[in-house]
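Next come two complexes, and both contain chain A; in the first it sits with chain B, in the second with chain C.
Take a look at the complex of A and B:
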């Protein structure tokens, strides 16, 4: 009721006064909102926009003494060095391989898990699985590394104990170039599977129950219900998740790889982010490392914007 | 908000053989997942209680009866000043971080949710641009160095004090609160601050708890910022990382004082100790985050 009243009033005012003063009045009316925005916006300028300004050193021969502004411009030199280097393709390949690999392994698992949690007829089992499946998401990769050590250590890890028991030769999972990628992919699946299932569970909760009743009256069994009701209902969410994931394809999980890798497996483990870290903060090649970060940033932006547009178009879901 | 197989309550029709098979398959998968999750955790826990004179393999150790367990690794850790200091630092980062993050994120999310605000689109753009265009770690590193945060605990949480993603989820929740409530408060003479504190926040307990938990987890778990910006006063994840990377405890000088528990037991015990605050807080906040996440993901 009250909204209707104000609407009528402001309409009258628009007729009486020029547009500018209406805007001014609106701004004055919202002055305390701007006050609220002040502190966070100052924060954004300093901690999100100054780094963008600092990124100009990608085009410079950065010298710490001369600072960001004082260093000499060298154009695209840093980018050229990167694109022509031998590690360019291997970094790109590893990054994309891990992103896509994680999606391929985790996505079906989390979909099946969500459907099973939704369909499970034993409330106790459902509750326990639900609680425990989310938990690993909250563990850091340092902790995960500790857990993986107890499983995969070459001398005394549980998995190698089993391999020895079966008569095989123990494998040094974390420093073997063949095994390492699988450790990365499956440890990520173990950690994030439950968490990724949440969004599908949310979609399942939205299904109209009367659909199931109708299907049952028609004599559909559980398999048919999943095939023709449950799965189609979460299909748009699956499409959204896949598309948005493709938007972040250059983020292959820095924390995980940084914790798990070692020089023996750099050839299969190194992703763009880990390389930027080593080159920039260990070798002090700030300009080159920033150029690579910027390269990733620009491509990442294009991918995210495209993914967002595509998702909006296909499913009406979007990030922003 | 647990998934509760609601539709199954209405099942008055007799179960066919296919239905029974389906239920069994579902149960088997659920138990499979349960086992997969529990085994690594169990192997770490049992390892942390391994007695010093234990000779069997770690696989056999998983089935060692509890009365043969030894708390040596834990007494060693809890008696070590380095470990307690690290724990305290982590706690300071956690409290300071969550407070700072919420003080910045809540107003930002609220401002973006006021639909009638002139210039809202511009503010929205200011927030979205750095989220989409990420320039990477070096420029941020230079900034933190330039503003003199080096070696302050605050350096761990200040660069990530507003996560745009969290801000968007919160804004989405605020937008979902019926406009009539806000409008009638404004007509009754409430300022925007009062609307936020008297109307919005009391209705937003779930989302504030959820986002607070997200921030808390990310600050508690952070090792990368701590590694970059802190020389001493190191938090738990850094200590844990040093302990884990040391192949023998002698390599890591401060751990040298950890008594005579087996090295692998001390590693496992410190893993468990680092995880424990999260594990304890988790069930209390779980009901909020499931609710909050579900609300956040269903976008209006």
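Take a look at the complex of A and C:
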């Protein structure tokens, strides 16, 4: 209830404005914005919230013929199957390794690229670099696999040709357990770095140019400008990106791994999603697949809440 | 502005209401099955030519099927990749939205049967006398049988024993070598092809053997069928052994370890293309056309069909591959590979059966095997897509792009796998003899096929019905063998035994026992 503080009690009653009426007024006043928000809202309700109802099959022995409601409750059996899987810890380790690794490698590279593009004084060069950096994002992992094979194949890959030229022994990057994780991490960075840089470039565009001018007048060099102006200015964006990424920490990139992996590198390549694909989808264990999805979601949510709390405490920046 | 907002509101209202109408009215009227009131049938099929497009909407077959059978046919092409097909079918199954009739692999069919989503079709064969006589023999029916009941129509798939061991004869001649007949000779040839510059270009860019990992869940266990001729020399080709003395998973045979030692030796020596573990099928096929290796295991049409041979012919006009016999191992064993009968299963959803569509589906399948249906689905329209030659074989003639082999005409044959049964007419039509463009060689994929089929093969009929392990056991099996080959795990007797013990412990032994029980129950042990 909203009240306007006045001396007289009767006046106080008259000026009291019910919440409902205020809300309605707000909606009417900003009706265009609400109208715009309606379409995404409908999308989220239909495609994100309604399906939550079906998540109950995570606790059921799902039989399609009986449907979601008619299937038998089995408690936490599907979760037990997942956790007791022979490879559970290996799957979890690989998944977290790739997620965290991508965050550690891709994020700084994206920020550096964004700063480089922003600082570039030649508009033509900036456009070329931007376009080239975005391009790999639009290639599917099927095409990327072909490119990587041409680059990394032990027989006639470009990289191995160079290694051989320098007197080294060829490395089968796609089949070697030590090399494979780096291939995954750096190929992802190469593919997504340019695209991820967009948000940072947008943040950089929002910095008041007079700050840079003042710094230059004061004699700050390029590195000092980046350190004392650019970084603090884009820090809230970095924090937001990190927190959002933590929400999907158990999504290590199914498409990429699925295209690149093979039995010889299963030990370092098999992630939760590829396991769910083989055991859940191909074996018609939809209850199990849903249970793992739920597990990932809850795990991600806990991490987001924790990261948000930590960020608020340490940097005073947070998502909510 | 107000009008625009009004329009947007209407659109949003429709969007919100859409899910309500998506499920239909709930009441479905039983169609009469006449041209005026046709029964609607959804068919999800496996395309015959995966790289070509969908059957056009103005395809003459739609009208014929509607007018003659009273069926309104709706076609959907399944993805070409088997795993993608499985996911598509299983996802539809999970939503209880399977189409009326659909192509499905047996492991998926078994899952769907367990879920009660597929109709029994035991009584249907009597309703399709022509088709049953042509296509559904005892083995075919057994392939779609689960727990004593038939749940699908299994028709012959790819031609069996259509792969072979091929060697570059021009390389052999250049190096003065003869065709290898034993494993030792095979190794010598592979070494010579790797180290003695068989193509004479002065570069160290050739290898003895070329392969890629081609596996499946029931017949081609890791490291896959492309290594079968070498496995055959040890008697361990095929995932399962149906031999009465060694019935069970081939991995338990002591000779499997010997094969692994041999293959590891080939990897270490560098006489097998080092890319073999990374290659996908297309990479492998591009590699032999570029002259990277001189011995390979390849399928007849992939090697000898006009379009497939052309790049090799252009690159190496003097090059020549020959199909050779299976090589003999240390104990005199030899086999090109293991073969099972290949079938494509079409299953009918329980929902379609409940809606009374089963008889109409039988009618449709029977029509497909009539002369009219057979030629229409197999080759298109006479005079438009094909003409008969003097032997009564459908040929492209001078019909150009509209011919069944042309880029426009081939799309009307996308359903041909539903009617073909690998008869002589089909094979003669599919694999015509031709003269290569650059070297002027006379080639025939049919002659190559007959050569390959005449070699020594191992009967593994029934493999397709064998049980499959869970994802963990499968991964352990594949990963361990791969690690032995790459050297990540040292290949010693001790480590091999440790691998077998662990494999047994996590479910391999149970899988093996289940398989043996299945063999015994189905009388597959020979």
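Criterion: the second predicted complex is superposed on the first by the 209 of 320 C-alpha atoms of A that agree within 3 Å, B and C clash if a C-alpha of one lies under 4 Å from a C-alpha of the other, contacts with A are read in each partner's own complex, and residues count from 1 in each chain.
Basically, contacts are C-beta pairs under 8 Å (C-beta built on N, C-alpha and C of every residue); 3 or more make two chains touch, one makes a residue touch a chain.
This is a predicted model, so every value here is computed, not measured.
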* **Which of chain B and chain C A:282 touches, first, second, both or neither** => second
* To do: See if chain A has more residues touched by chain B or by chain C, and give me that chain.
  => B
* Asked: Now for A:147: first (chain B), second (chain C), both, or neither, which partner does it touch?
  -> first
* Contacts of A:198 with chain B and chain C, given as first, second, both or neither -> first
* **Partner chain in contact with A:156 - chain B first, chain C second, else both or neither** => both
* To do: Scan A:63 for contacts with chain B and chain C and give back first, second, both or neither.
  => second
* Asked: Touch check for A:128: first (chain B), second (chain C), both, or neither?
  -> first
* Pick one for A:174: touches chain B only (first), chain C only (second), both, or neither. => second
* To do: Mind working out whether A:46 is in touch with chain B, chain C, both or neither, as first, second, both or neither?
  => both
* Indicate the residue numbers of chain A shared between its chain B interface and its chain C interface, in ascending order. => 32, 35, 39, 46, 50, 145, 149, 153, 156, 277, 281, 286
* Write out the stretch or stretches of chain A touching chain C in their complex. => 32, 35, 38-39, 42, 46, 50, 62-65, 67, 85-87, 145, 149, 153-156, 170, 172, 174-177, 262-264, 266-267, 270, 275, 277-279, 281-284, 286
* **Complex contact set, residues of chain C against chain A** => 5, 8-9, 12, 15-16, 19, 83, 86-87, 90-91, 93-96, 108, 111-112, 114-117, 205, 207, 213, 222, 273-275, 277-278, 280, 283, 292, 350, 470-472, 474-476, 478-479, 481-483, 485-486, 488, 506
* Hey, which residues of chain A end up touching chain B in the complex? -> 2-3, 6, 23, 26-27, 30, 32-37, 39-41, 43-44, 46-55, 57, 68, 112-114, 116-123, 125-136, 138-143, 145-151, 153, 156-158, 161-162, 164-165, 190, 193-194, 198-199, 201-202, 204-207, 209, 212-213, 216-217, 219, 221-223, 226, 254-255, 258-259, 273, 276-277, 280-281, 286, 289-290, 292-294, 296-298, 300-301, 304-305, 317-320
* Asked: What residues of chain B sit close enough to touch chain A in their complex?
  -> 1-8, 10-11, 13, 16, 18-19, 22-23, 26-27, 29-31, 33-34, 36-41, 43-44, 47, 57-60, 62, 103-105, 107-108, 110-111, 114, 116-119, 123, 126-128, 130-143, 147, 158-159, 161-162, 168, 179-180, 183-184, 187, 191-193, 196, 217, 220-224, 228, 237, 240-241, 244, 264, 267-268, 270-271, 274-275, 278-279, 282-283, 286, 290, 293-294, 297-299
